[in-house]
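Each of the next two complexes has chain A plus one other chain: chain B in the first, chain C in the second.
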Partner chain A sequence: MIALTGNILLIFALLSSIVTLFFAKVPVIDGHKKYKFASLFGTFQFLFILFSYILLTYGFVISDFSLVTVWQNSEIQKPLIYKITGVWGNHEGSMLLWLLILSICLFFIIKYDKKIPKSVQLNTIAIQTSIIFAFLLFILFTSNPFALQLPIPIDGVGLNTLLQDPGLIIHPPLLYIGYVGYSVLFSYSVAIMLENKLTDNWARWIEKWAYISWIALTLGICIGSWWAYYELGWGGWWFWDPVENASLLPWITGTALIHSLLNYKSTGQHRDWTLLLSILTFSFSLIGTFLVRSGILTSVHSFASDPQRGLWILIILSFFIFFSLFIFLRNLQKDSEKKDFVFLRRGTFILINNYLLMVSVVVIFFGMMYPLLLEAITGDRITVGPKYFNIVIAPLVILIAILMPIGPNLTWKDNWTQLAVKRLMISFVITIFLIIAMQLVIYENADAFHLLLISLAIWIFIVSIVDLLPRNLSKFRIEFSELRRKNLPIIGSRITHMAFGIMIFGIIYASAYSENKDLKMNLGDKIQIDRFELQYDGFGTHIGENYDDLQINFSLIKDDKKIANMTPAKRFFRKSGDITTEASIHKYYFDHMYITVGEVQEQFIYASVSYKPFVRFIWLGGFLMAFGVLFKTLFRSKIFGTSNA
Partner chain B sequence: MTNKVKRLYFYTTATLLSALAIALVLIALDENIIYFYSPSEINQSEDGTLLRVGGLVKDGSLKIGSDLGTKFIIEDNTAEVSVIYNGILPDLFREGQGIVAEGKFIDNLFIANEIVAKHDENYMPKEVYESLKNK
Partner chain C sequence: MHKKNNFSKIFFFISFFLFFSAPLAHSASENNERSLSKSIMEIAVELKCLECEGQNVYESNSNFSQSIKAYISEELTKGTGSSDIINDLHQKYGDEILMTPPVQANTYVLWILPFFLLSLGFVIFFFKLRK
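This part shows the complex of A and B:
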């Protein structure tokens, strides 16, 4: 029953999208009617897809194994939360989630973006609908989550055990909201380009979407990195894995886009570049999906891969990219007025920002695709090591870090103001002072490279704070009320910049000063690591819902006092017989003590123990970055009112 | 300076920086690509180059030594490579399972510094699958 209903719902959604396209694009119908019906059927698409998604979730919850997808990825014994979230723990379900978010976006465009001229709106709906249409075909023909099988098996195969983790609950939806949110920017941008007479307001219309997608993508990437950190048991937070890179690329272009939009809004310059960035960002979302789903790149995210699916996505991808680039080239505008070229103003720094970010995108993309390229040409099979990425990204990060805090201090029009110079000088002095203080306190000798990066992280942090100080202390009160009214969004930006500094600090500090020991321990053995001692106390068992844990007990000792119990575990899943390693992490201020266990025998164990100072700054920074932009988004709409939103 | 000259400076700098970036990329790439071989393709006397070997862990070959040292054999249908690894083996490391080891040859022994066994139980590393298929 579920299979049949599900298929019917998807087909209805497909029909609705065809009808929407018909009303949006057929010229004979009069304007008002066009808009009314296109909106109506757009809403229908959303509803049909929503119902089919709910239906699939229901199938998972009641364990309807007549559905192949449910059978392959679920089992009766699985905890309820993983039945609900397990929907996106597999290829078919996750594509349906992708589609659902596409249609939610369409629904929001129809429902909430009402101030935008109807002609632009209609084109946007049409483009968004055609993306939905393409993915509906993809799902129906290559990845149908409602595929039926008979006879009905008694129990399912079960969820991949590594996915049975709280990370699964939030990481994929956030990442997808980020990826797919950019589809709206894509649709708007193409629609704007199709419109010949332009109002300058379009940057305001699409800004909101640029922020929301960016927030979701940032959170998604952070949570993914955190998940990999504790679950994969390697204690690394970024591996330059192709799939990670695939999510980083739209993040970088999305960041460039936010800045470029600011520039356009304030100066009216670089319209085409801004539009191109929105197209590029969604293109990278699609490329990411293609790379993951086709399985052409070896990665830790290996859903069952099927070349046919890859081909489909490649077709969808090429179509939308070429279509949008064609429209882009046809509508290229010369920057209408060449203004005076003033180097030291904010716009120039945004250009440099965009330039550096795009260079990062190119080098990452190149490193990611090089193995494919080489195999196609010479047949050699290679891996591009993480070192490559570190080497090429480091100088770019250094440049970005030097310049990033300076730009916001400048005005949009003129050269340096005295205030900016004064503030930068103050910040510079504070930074130098802090670095010297840090060198005195910390006994490790930093090498020049790490020291430089750490200093730059502090530099970003300090300038961002100094920049928030009131401009004139005697007028503090007036400034303060002005600040509240007008400058709240600016606070958001500064928080985000500051958070980037925090993140860089964490990344560099944790990579440079972590201590790691892989060793064999007998019962009662004590080891020394950083300022701590760790003692192995034996093992016990713990019964979980569908697994049994073999817990290894450690005592964490500091200054001869026990401060914590740590229990890393080997987790045995009853049904599949899979074993996973569960790391134990003890938080100590901003640091982590991190233990995983390998071989466990009667007499001894193999343990991997790491102490990672300031590692929590990485995620703290990431979340704060998202928070800053959220802050900006919320107050922006409050101040400008919904009319410009 | 006129606007034109200023602009010229700006774009020249950008171009030079791009060239620098490209040079850096090529150097970094040259030093950090790691070739993959199956046991039968490999030249075991090639000492000291970082590379990856992928195949199946031979049944009965795994020996756990004292102090984390493990020794095992990676094979395809025609050739074998003896591997020594000091460290904790991944959960999915089992005899008969496809794995990829990264390391260097020293005196005809492959000293691995990393063992890659992927997430999924059914998942065979792609390179291993393809090199076995061709046999």
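This part shows the complex of A and C:
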């Protein structure tokens, strides 16, 4: 029953998308009616897809095992919350979520972007609909979540045990909102180019989407890395794994896009580059999906992959990428750039920013693909691991970190002002002072490289704060009210820059000063780690809803006083027999004590203990970055051309 | 005139900043009392688990990884140096087992490209600046 209804809903959605395309592009009727019908059927697409999504969720909740997807990825015993979120814990369901978000975006374009000229909007609706159409075909033919099976099995296979975790509840939807949010930018950009008629406002229409998608993608990546950190049990939070890289690439181009949009809004320069960036960003979302789903790149967190699906996505992505690039090249404006080049201007720094970010994208993408290319051409097999990426990305991060705080201090038009020089000087002195103080207080050793990066992180942080100070302290009140009225978006961008500094600080500090111990412990053994002692107190069991835990008890002791119990565990899932390692994390200010347990015997255990100072800065920074942009989005300066943030 | 002045200021800034931070670094002191397990870990993270998807030997618990870890442990107790152990495994399993690709004929492009693009940026930038 569910299977049939679901299929019908998806086919209705497909039909609606065809009708939408018909009204949007075929010139049978004109003007207002055309728009009205296209909007109506666009809304229908959204509703049909929404209902089919709700239906699939219902199928998961009532454990309808006549659906292959439900049977393969769920079980009766599974907690309700994982039944609901398990919908996107598998290939078919997650593609349906992709589609749902695509259609939600379409709905928002129809409903809320009213100020845009109707002709542009019709084109946008058409392009967004054709993306939906392509993915609907993909879902119906290669990954139908409503595929039926008979006879109906008694119980399901169960959800991948690693995915039964709170991190899974929000990570994929956020990531998808980010990926798919860029589809709107894509559609608008192509529509604008098709019209080849720019009103002043286009940067403002697409700016909103650039921010929202970026926020979602940033949060999604952060939560994903947090999930990997505590669930995979190795204490690492970024592995340069293909799936992670696939999410990082659109994030980087999206960051470049945000900066380029600011530049265009204020100076009217680099229009084509900005449009190209918005096309590229969505293209990278598609490429990421293709790489992960096709099984071309293997990764720890890919779903069961299938080459046939890969081929489909390859066709879809080639079509959209080549189509958009064709339109782009056709409409390239050759004479739009002004020729005068002033070095110390904000635009120059944004260009440098874009160059460095694009180099990172090329480098990461190349590093991901190189083993494949090499094997295809010469048959040699090599591995490109995290160390390679760290080595090649480090110089780029260093350059970005040096320049990042300087750019926002400059104006769009002229060389910089006395005020900017003064502020940078002050920040510089404070930074140096802080670094020296840090060296005096903390006696730990670090090599020059880590110290340089830590210094740069502090530099970014300090400049961003100094930049927010009022220009003239005696006029603080007037400045403050002015700040509130006009400069709120500036605060948002400074928060984001500052947060980037915090994140870099956390990343570098935690990797430079972490203390790790892998050891065998007998009952009652005490070990010393950083300022703490850790004592092994034996083990016990804990019964969970669909699993049993073997809990290993530790006491965390500081200055001869017990400050916490820590209980890392081995988790046995009853149904699948899978065993996962549950890390135990104790927070101490911004630091983490992190324990996982390997082999457990009657007399002794193997434990892996790390103390990671300032590791929480990584996610704090990440979330704060998203918050800064959210702040900026909410208080965007209303008038085109006057924004200077 | 004005332009040049400003440029030298910023240049001074950056170079001062870079040079000042460098001497602050202490040389990393070698800790001689490294436990066996730590050495195993340090070697194991450099090796890829060939049975798994995207995990290194240290992270993985597959049969392959366990046998490699046992081998490393055995060699270490015999007194073989870390780099010798890695070399032996490299000989036996080929380039694929190294997490970081070695710099050799078939990886020159991989290693040079990033730094080439970066220097290209510098060249373009200074070229534009001189104009």
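In this text, the second predicted complex is superposed on the first by the 633 of 645 C-alpha atoms of A that agree within 3 Å, B and C clash if a C-alpha of one lies under 4 Å from a C-alpha of the other, contacts with A are read in each partner's own complex, and residues count from 1 in each chain.
We take it that a residue touches a chain if its C-beta (ideal position, glycine included) is under 8 Å from a C-beta of that chain, and two chains touch if they have at least 3 such contacts.
Here the structure is a predicted model, which is why all the values come from computation and not from measurement.
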_Given the alignment on chain A, is it a clash or a fit between chain B and chain C?_
clash
*Now for A:Ile18: first (chain B), second (chain C), both, or neither, which partner does it touch?*
neither
_Larger contact residue set on chain A - chain B or chain C_ = C
*Between chain B (first) and chain C (second), which, if any, makes contact with A:Asn160: first, second, both or neither?*
first
*State whether A:Ile402 touches chain B only (first), chain C only (second), both chains, or neither.*
second
_Once chain A of both complexes is superposed, is A:Arg381 in touch with chain B (first), chain C (second), both, or neither?_
both
*asked:* So in the superposed three-chain picture, is A:Leu469 touching just chain B, just chain C, both, or none of them (first/second/both/neither)?
replied: neither
*asked:* Output check: A:Val363 vs chain B and chain C. Expected answer is one of first, second, both, neither. What do you get?
replied: both
*Touch check for A:Thr596: first (chain B), second (chain C), both, or neither?*
first
*Check the residue A:Asp578 against both partner chains and state whether it touches chain B (first), chain C (second), both, or neither.*
first
*After superposing the two complexes, find the one stretch in chain C that runs into chain B, choosing from 2-10, 20-28, 56-64 or 74-82.*
56-64
*Which parts of chain A are touched by chain B and by chain C alike?*
298, 300, 302, 341, 343, 355, 359, 362-363, 366-367, 370, 374, 380-385, 387-388, 392, 395-396, 518-519
*Touching chain B in the complex: which residues of chain A?*
160, 162, 233, 295, 298, 300-302, 338, 340-341, 343, 348, 355, 359, 362-363, 366-367, 370, 374, 380-385, 387-388, 391-392, 395-396, 518-520, 576, 578-581, 596-599, 606-608
*Flag every residue of chain B that touches chain A in the complex, lowest number first.*
3, 6-7, 10, 14, 17-18, 21, 24-25, 28-29, 31-36, 52, 64, 66-68, 86-91, 118-121, 123, 125-127, 130
_Touching residues on chain A, where the partner in the complex is chain C_ = 232, 234, 236, 239, 241-242, 298-300, 302, 341-344, 352, 355-356, 359, 362-363, 366-367, 370, 374, 378, 380-388, 392, 395-396, 399, 402, 406, 415-416, 421, 424, 428, 431-432, 435-436, 439, 445-448, 451-452, 455, 459, 516-519
*Where on chain C does chain A make contact in their complex?*
2-3, 6-7, 9-10, 13-14, 16-18, 20-22, 24-29, 35, 37-38, 40-41, 46, 48, 52-56, 58-59, 94-101, 106-107, 109-110, 113-115, 117-118, 121, 125, 128-129, 131
